[in-house]
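Below you'll find a set of structures to go through.
Shared between the two complexes below is chain A, which has chain B as its partner in the first and chain C in the second.
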Partner chain A sequence: MKITKKIVTKIEGEATLKLYKKDFLIEFAEIEFWQYRGMEEYLKNRAYMDACVINPRICGICGHSHLIATSKAIENALDIKIGNKAKILREITLGLEIIQNHIKWFYLTLYPSVKEINYFKALEFSKEISKIIALIAGQFPHNSYAIPGGVTCDLTNLEIIKVKNSLSKMFDRYQEIMSVDGKSLDLEELFSDIPKSIGKSLNRFLILGNNLYFKSNGNAEFVKEEDSISLNKNVLYKDKFYEVGPLARNLENDLIKKVYEKYQDSIYTRIFARLYEVNLIFEYLLKIVDEMDINEKNYIKPIKKNGKGIGVIEAPRGSLIHKIEIEDEKIKSYNIIVPTQFNLSNGTKDKLSPAQASLIGEYEQQSDLIFKCFDICAVCVSH
Partner chain B sequence: MLDINKVKERIESLKKLPSLGRKSVKEILEENGFSRRDFLKWSGALAVSLGLPATFAPVVADAAEVSNRLPVVWLHLAECTGCSESLLRTDTPTIDDLIFNYISLEYHDTIMAAAGWQAEENFEEALKKFKGRYVLCVEGGVPTKDGGDFLTIGPDAETGLSKLKRTAKDAAAIIAVGTCSSFGGIQAAYPNPTGAKGIHKVLNKQVINVPGCPPSAKNIVGTIVYVILFGQLPAVDNFNRPKFAYGMRIHDLCERRGHFDAGEFVEEFGSQEAMDGFCLYKKGCKGPYTFNNCSRERFNQHTSWPVQAGHGCIGCSEPDFWDSMAPYEEPLANHKFESINADATADKIGITILTLAGVAVAAHVAISAIKPPKE
Partner chain C sequence: MHSKPKVFWIDAVGCNGCSHSFFNYGEIKELLDKIELLYHPLLPSKEFKVQRSDILIIEGALKTTYFPRLDFNLVDLIFELIKLSKKVIVVGTCSVYGGIFGEGVLFNKKKEGKFFEFKEKMIALPGCPPHPEWIAYVIEMLIENKNILMDKENRPKEIYSYTSHMGCIRNEYFEWKIDVLEFGTKEGCLFYDQGCQGPFTHSSCNRILWNEINSKPRAGTPCFGCTEKEFPKKNLFKTETFMGIPANIPLGVGKRAYLTIAGIAKSLKNERLSKRLINEDN
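Take a look at the complex of A and B:
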């Protein structure tokens, strides 16, 4: 047996991949992360509102998801109901973060590991999208406009028209990348000399968040963390590993289901689902923008001072969980479980995590691509 | 006195050095649909934001064109990649970022083409090849506890601390990008479990700090262009921040400043005052204590900034702001100092924050609180 130690970079940080091979095929893989920052430690004993400023800094790529999850956890702990307008605004910014993340991931992380591409195409989108988020939230990345009880911003009619206009313009332009009937030249080009059916994984999917158009199929209460050999923690649901992310949460869609039936949970299906999800989010956002009533209140003040709460959302990479315990307006304890922990846990030979399972039986040359298909976020893991 | 001829001489000497990039600035701009006129407009604007006279605009353009003679090595330590995100991806492709991408980035974890072993090799090679010539940009704080074991990089599991020291040794200039590398950032917040510090604390060389969480792309590019123009580091304040960007308080040019002066404050999020765009000081805005140019430059192509979206400034470009500015939704003047780290916080505030101006601000707010609310 041969063991190769690989460093996987360009995943917003780096991971160590130990590949155990037999006859050139991968037999087993170990995943390690060697960074730690201690986010949960700084949150202790601070005013609970501070979590809304600190938590986006967990990650520069999907920080907005952390902000929304934080607000939801606090709202859950203090029994706050938010208005419809605040809810819609949050859906728009979170949906947009998912969209720009997927486009950048495809053109900046995944594609260059196979062949060269002009990434300005992707940057054009992210520039326009970050502008709309900034219009609502103030800046991107790292804003704190979503606070427990609502939002701080107060949009005018003109700004909402700008948002709507920009959304439909980008939706149109996105058709060049992946059309609503599932045609994508760049995706086919990427797979011109790679088999579509490699990287099959556990075929076990989990959705925990109920935001955007996603419907959960589980309860976050059953999620458990356990120590692993490196500085990250493994995450199990009912004592089993599950895959989270765009493939897991879009199997209801007919087109994605068709691809899934043909290639199962291979890398092609995984990439297809991620790219196609952008279309579905655009459609959803364009629908809810019209349902917004700008005369509604932006914010409802919390009354309670103590409580325990959980905030679960579907973030760009899958289900994100924030748990908070508030005592006398201060944070007593905080726990964060990120999607990459679900997908990239380091399991044993008889109990594999989704990323480990996807590598087994494949050639080493393809391990980088298969691994990156989960859209790994190393900084989130090292929170 | 600024001597334009000296600058021209310097640029001429740089022009003689071999170019490191594959394409010229002109080609890159044309490919991306920018005209020469756009480029000159950008140069003029940058000259102004650097505090240079308008006559320097063409020289700034020249400096940008020779910028690919300047190799840049970019290190990621304990951080969230948000600085790279905002600089290299989200804002692009404005001309600032084009130039930024164009400046020869010899090593950058997130955006370089090489990956894995190959990347490590490129790194070692760049250090040797450009010894004494490269500009080192560092993103992220450096964990120092237990010998720096909370951050290891690369195949040999080298600690971030050792990699930073090694890379800094032969750098021509060192720029700390973002609050984490400047002052330790969020990692260094109490109780600082990994012993994270700003990089200047572990290096015995001058470091230019470009703090912000995230910092504006203009401030980074401005600092680098300044280094090219003058062959030296820009004028800095006592926290080593370039004065052209961090010379004024957020408060000085804030669009809500008029309301502050008139004593009109937001007392509650979502209230009528909030909708009228009153001053956010009482909701914890740290603009009066924070030196940065956000209120002038804004973010995401001048679209907006936190105060415009109704949330106060959190003071992200100030040292130790994670502790000294907290709680972020309450005014500093009401600071109760009752948290577990009260002693540390009180000391830090005493030294870094509560300047005379701060006292005056608090007094002003206290007086205006007595005034009856406007009908």
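Take a look at the complex of A and C:
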């Protein structure tokens, strides 16, 4: 048996992949993360509102998801119900963060690991998406406009019209990347020399968030963290590993289901689901933007000062969990569980995590691509 | 013809937010066409190799304990790269002062940082994140070999001479000392109660705007002083007060002068600004 150890780069952060091979095929894989930033400790004893500034800084590409999860956890702890307008605005900015993430992932992270591509079209696209977020939230990355009780902005119809028209324009432009019929020239080109059915995994999916059009199929109460061989923690649901993310949460869609039936949970299906999800999010956002009542209050001031709460959302890479304990308006404890922990846990040979399972039986040359299909956020993992 | 300047971008302990902020620069292709990108943590570049560079860009903070990066101990890697570079752009508050994650490369909060001895070749761009235009501006100035006017912390004056208060659409409320009564309103200034640090934060973001369109205070969120050495301070949504008056006052004004003008402004009520801007009854 041969073992190769390599550092996977050109992802958000870096991960170490140890491959155990026999006759050129991968027999077993270990995934290690050796960075630690200590966010949860950093939050302790601070005013709970500070988490709305610190937590977006967990990640440069999906920090807005951390903000929304933070506010939801605090609202849950302090029994705050937010208004419908604030809820819709948060859905829009979070949905847009997912979109800019997917497009950067496809053209910057994934594509160049196989072949050259003009990635500037992705940057141009994500820049325009970030602009719509900024119009509502002030800036992107790293805004703090979603606070416990609602949002800080007070839009006029001028901004709402601009948001709506920008969404339509970008949805239209996205058709060149992947159409609503599921056609994508760049995706087919990527697979011109790669088999579509490699990278099959556990076939076990979990959705915990209920934001956007996603419907949960589980309860975050059953999620447990356990120590692993490196600094990250394994994440299990009812003592089993599950795949989270765009493939998991879009299997109800007819088109994605069809691809899934043909290629199962392979890399092609995983990529297809992620790219197609963008269309579904655009459609959903264009629907809810019209449901906003501009005269509704943006913010309701919290009254309670103590409590324990949980915030669960579907973030770009899957289910994201924030847990908080507040005592006299201060953070007593904070716990963050990120999607990449679910997908990239370190299991044993008879109990594999989704990423480990996807690598087994495949050639080493394909390992980078298979691995990156989970859209790894090592930055988030090392929180 | 001169060869293109070699640029090496390394990520230390951070969130990649500086990179993602830079990706929103509208003319990024035109800018990258002018340089040879030796390494970047996300953008396609050549294989990682410790090598000479004309411009080194460091994003992220340093940890005093062992922190691996690309099979090196981070601090050793940064040291090697700095030694091999002609100019260093210290990008983001983490890298300049330490920020949330550790010690800065140039400073450690208010003190000198681990690589302070290389200050002469460093340009500091604090901000969490720094504005994409700022990063592009420094790279362009270096490419063109132009002189960058800098303050004593090596921050470019064309960026950090401004405060983020300049350009704020809530300035009229600041003039007349009218507070925001609660979040989520167009009306009111966030300086008196909500913790806004705009009047004493060095930044041109409210002048050039984020994502070409907005800013935090315009969206009702206070400025958190993300370009400053002590970012993030504690109690970020609450104005620190001393005997009922803001503990930190606008840059360049004496406390007594500020209190006098504030007292006068408050006593002369501005009727228009004391009401909702858009009132259905009117």
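Criterion: the second predicted complex is superposed on the first by the 383 of 383 C-alpha atoms of A that agree within 3 Å, B and C clash if a C-alpha of one lies under 4 Å from a C-alpha of the other, contacts with A are read in each partner's own complex, and residues count from 1 in each chain.
Note that in this section a residue touches a chain if its C-beta (ideal position, glycine included) is under 8 Å from a C-beta of that chain, and two chains touch if they have at least 3 such contacts.
Since we're looking at a predicted model, the values are computed, not measured.
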Overlay on chain A: chain C relative to chain B, clash or fit: clash
Which superposed partner A:20 touches (first chain B, second chain C, both, neither): neither
Partner chain in contact with A:8 - chain B first, chain C second, else both or neither: first
First, second, both or neither for A:284, with chain B first and chain C second: neither
A:41 touches, of chain B and chain C: first, second, both or neither? first
First (chain B), second (chain C), both or neither touched by A:368: first
Shared contact residues on chain A - chain B and chain C: 7, 9-10, 12-14, 34-35, 37, 39, 42, 46-47, 49-50, 52-54, 57-61, 63, 104, 108, 112, 120, 123, 126-127, 130-131, 133-145, 147, 149-154, 297-299, 301, 379
In the complex, chain A residues that touch chain B: 5-10, 12-14, 34-39, 41-42, 45-47, 49-50, 52-54, 57-61, 63, 100, 104, 108, 112-113, 120, 123-124, 126-127, 130-131, 133-145, 147, 149-154, 231, 297-301, 368, 379, 382
Touch list for chain A against partner chain C, complex: 7, 9-10, 12-14, 34-35, 37, 39, 42, 46-47, 49-50, 52-54, 57-61, 63, 86, 104, 108-109, 112, 116, 119-120, 123, 126-127, 130-131, 133-145, 147, 149-154, 156, 297-299, 301, 379
Complex interface listing, chain C residues touching chain A: 13-21, 23-26, 28-29, 41-44, 48, 67-71, 99-101, 128-129, 182-186, 205, 210-221, 224, 226, 232, 234-238, 278
Of all residues in chain B, those that touch chain A in their complex: 32, 76, 78-86, 89-94, 109-113, 115-117, 119-120, 150-155, 157, 185-187, 189-191, 193-194, 196, 213-214, 268-270, 274-275, 298-301, 303-311, 314, 322, 326-330, 339-341
